[in-house]
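Lettered A, B and C in written order, each chain numbered from 1.
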Amino acid sequence: MTIVNAVVQGIFLGAFYAVLACGLSIMFGVMRIINLAHGDIAVLGAYVVFVIVQGTGMSPFVAFIVALPVMIVFGYALQLTILERSLKSGILTPLLATFGLSIVIQNLLLIRFSPDVRSLGGEAGAFTTSSWQVTSGLSVSAFGIVILVVAVAVFGALQLFLSRTRAGWAMRATAEDADAAELVGINSRGVYARATALAVAIAALGGLFLAIRSVFDPLSGPTQLIFAFEAVVIGGMGRLWGTLLGGLALGVAQTVGAQINPEYSALTGHLLFLAVLIVRYGGGRVSFRVAR
Amino acid sequence: MTLLRVEDLDCRYGLLQAVRGVTFEVAQGETVALIGANGAGKSTLLRAIAGAHRPQGGRVLIDAADVTSMRAHRRVSLGIALVPEGRRLFPSLTVEENLRVAAARRGRWNVQSVLEVFPLLQARRHMAAANLSGGEQQAVAIGRALMSNPRLLLLDEVSLGLAPIVVDAVYRSLAGIINEGTTVLLVEQDLTRALKVAGRVICMLEGRIVLEGDAASVDRDQVVSAYFGLKRPA
Amino acid sequence: MRVQRWTRTSKLFTSATVAIAVLLATVPLVFDPVVVQRLTNLLILVLLAAMWNALAGYGGLLSVGQQAFIGIGAYGTVFFAGLGVSPYPAMVLATLVAGVISVPISFLALRLRAAQFAIGMWVIAEAISILVRLDQNLGAGTGISLIQLNQYAPNFRQAYTFWLALAFTFIFLSALFFLLRSPLGVSLQAIRDDEDAARSLGVRVASRKRLLFVLAGFGCGAAGVLIGANTLFIEPGSMFSVQWSAFMIFMVLVGGLGTFEGPILGAILLFWIQTTFTQGGPWYLVGLGATAALFALALPRGIWGTIEERLGLRLLPVGYRVVEMKGEERTA
């Protein structure tokens, strides 16, 4: 039974990784940028919620609703200042600029909040720690279900946005051919800004989940980035639903690895990632595809 | 009255000068053909007028207003639409989505009327653009530009890569559009077609205008010499 | 017209460089161990910057995971010293191991382009650090000391480490220098400008990149060995820390990506910042990150690159100059 339990826990963990990875996937799909500060932005989101909770005493979920506009504004600002400029230069520039940004965010958080590890699990309410004992070897946590449902909802909403709305078509058009998009009246700068704001908002959601299900500190960002990136790569770069599946696969790999030895969990994830690289990237090219 | 005026335009790609000091006008309702050999600068010129290429010098004026620094997507709302070389449809979007994603302006053109002009597309309405034939893609590309009800329609090599019979069909549809009074500036490699469809012809060579005149009265030999840059005997 | 490789300035400077190296060798005889340790750190920074630049500046390979080799170097030393090998020979062995390991890693990592390569290297570094953490003999998660170094008196230990650092830095910089002057160097420039075009001309892109990758693996391994020797305590958290990548990126970006002298300048700058702002803590890192980002966006050629471009100056003869002979006419 323990393997089944591990897989189930892995799916819940994977749903969390999928949410973290979603924003990274959007930015790569639309702009071909890998935002190396993505994990730190998720952690930043967690801290914004934390501050609101500390200040007002409201539930983290409600606080998130308040934090969302803040993060969205941050996303727009990020795009219009740093990312837009870096798009015009070479391929390396966005990586270097976002890496620098990552260091800045981590250390500003460190200065403001100290290295103390924090959590919002307590404030989130009893249900986030409750679980059902389905059988003797299998327990299902309530919060795990919540994250899974939210993850599927987020990806589903994105799918609908991209396939059914004009703004979504505009985003896909700009991703496929920004030059031609401009020629038919699509404001590509606006599309990019919207994509970044969306990515940052969903990253903040990932940060909220991180804060509730686990702990966070100013330097947690890079770990989240690596897991998010692994999820994206495992699922196939530029594929929307692939990112969800990649996240689930990563989660399961980690929990199964933990069954063998608790210290192996991250390692099995890394090995799965590297294995996918060996098998898939035999020098192949990468393109952006959205499931129809 | 003048719809488009290009003044002393200079366009460069890095160190390569593609358009040198080009000046000309297009009056409302005119159909002008831009001809010239490959590399003469015709596509660059069209792109500069549409806003996709930033000129290094000179001006582009629409209705006497300077739009030189205006970005492409905003020129669409002024009524300039470019059908780019190579069609450049959005591959994963359907025919209908390609049409509807384009910015719309009020006018006689909408999805329905575009599909009436290109009836072959009716059946392909929900097919991804990547799966269309060359001729169908060209139709969608023109239709997509029409969605913004342009006052100035720019067409870049619509016959490129298409079988002659398909090109005939495309030009038949174009004739209808031209008859409705849309101002058209088109780049066309096929000299005969260009002279047949246009009222005026401009020939470019190495970035400069070397010949300009009425399509009906221009001397064919003159055009050929200008096209290839042959010097006239002293 | 004549193609010239050595200008008068570059001849002067190259001889000066050799003289400087000889002069530096006398440092441990003149200064006390604390200063020697600091200068060893400077040499380590120079080595790291040069190697990262070899990858990114000359190979177009942006790696955020070179700390993998730093860790391999440091822990390789621990491993061999634990087997009973004398510390300094152990260090040389560990460097060789780092270089050798970089070969199979290259077959995996070089399949990736741009961002995937960057983070892929980071994941590899993380994976290796986990493997180290699991090994009790290597001190596991808590860390270990190179106690075998205690057999030397502090002055001697610091001196030997410094000389090793000087030797490594000189060797790797020279290797890079001669690499860039060789026909290989020109093909590298071609790869950087347009990889596909270079490939179609017959440039063996993959093997060129692999060469740079292995060189950088060697060099970063050497740096890791020195870092381990220069600190009292070796732990996976600091040896495999992505902060090393942050330092490398800062030095090369600010100094001058793709130039030979730039990284050295960047290293000297970082060294100065580190010694002046030790009390800064996170603030100085904020400054580093912000500066690196700023340079990436606004001054991509770095300080030296911009100087080089404006003045046409080149101190070390890595490139070619076309010189007009007297009496020749200028053709367009």
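Definition applied: contacts are C-beta pairs under 8 Å (C-beta built on N, C-alpha and C of every residue); 3 or more make two chains touch, one makes a residue touch a chain.
Keep in mind it's a predicted model, so treat the numbers as computed, not measured.
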| item | value |
| --- | --- |
| Common touching chains of chain C and chain A | none |
| Centre-most chain, if every chain is reduced to its averaged C-alpha atoms | A |
| Chain A and chain C, separation of their C-alpha mean positions in angstrom | 33 |
| Euclidean distance of C-alpha centroids - chain A vs chain B, Å | 43 |
| Geometric centre distance via CA averages, chain C-chain B, whole Å | 53 |
| Residue list for chain B, restricted to those that touch at least two other chains | none |
| Multi-partner residues of chain A (each touching 2 or more other chains) | none |
| Residues of chain A touching chain B in the complex | 166, 169-170, 172-173, 176-177, 179-188, 289-290, 292 |
| Chain B residues within the chain A interface of the complex | 50-52, 71-73, 76-77, 81-82, 84, 88-93, 97-98, 100-103, 128, 144-145, 147-148 |
| Sites on chain A touched by chain C in the complex | 28, 33-34, 36, 82, 85-86, 89-93, 95-104, 106-108, 110-111, 222, 225-226, 229-230, 233, 237, 263, 266-267, 270-271, 273-274, 277-278, 281-283 |
| Chain A-touching residues of chain C, taken from the complex the two chains share | 56, 60, 62, 64, 108, 111-112, 114-116, 118-120, 122-124, 126-127, 130-131, 133-134, 242, 245-246, 249, 253, 282-283, 285-286, 288-294, 296-297, 300 |
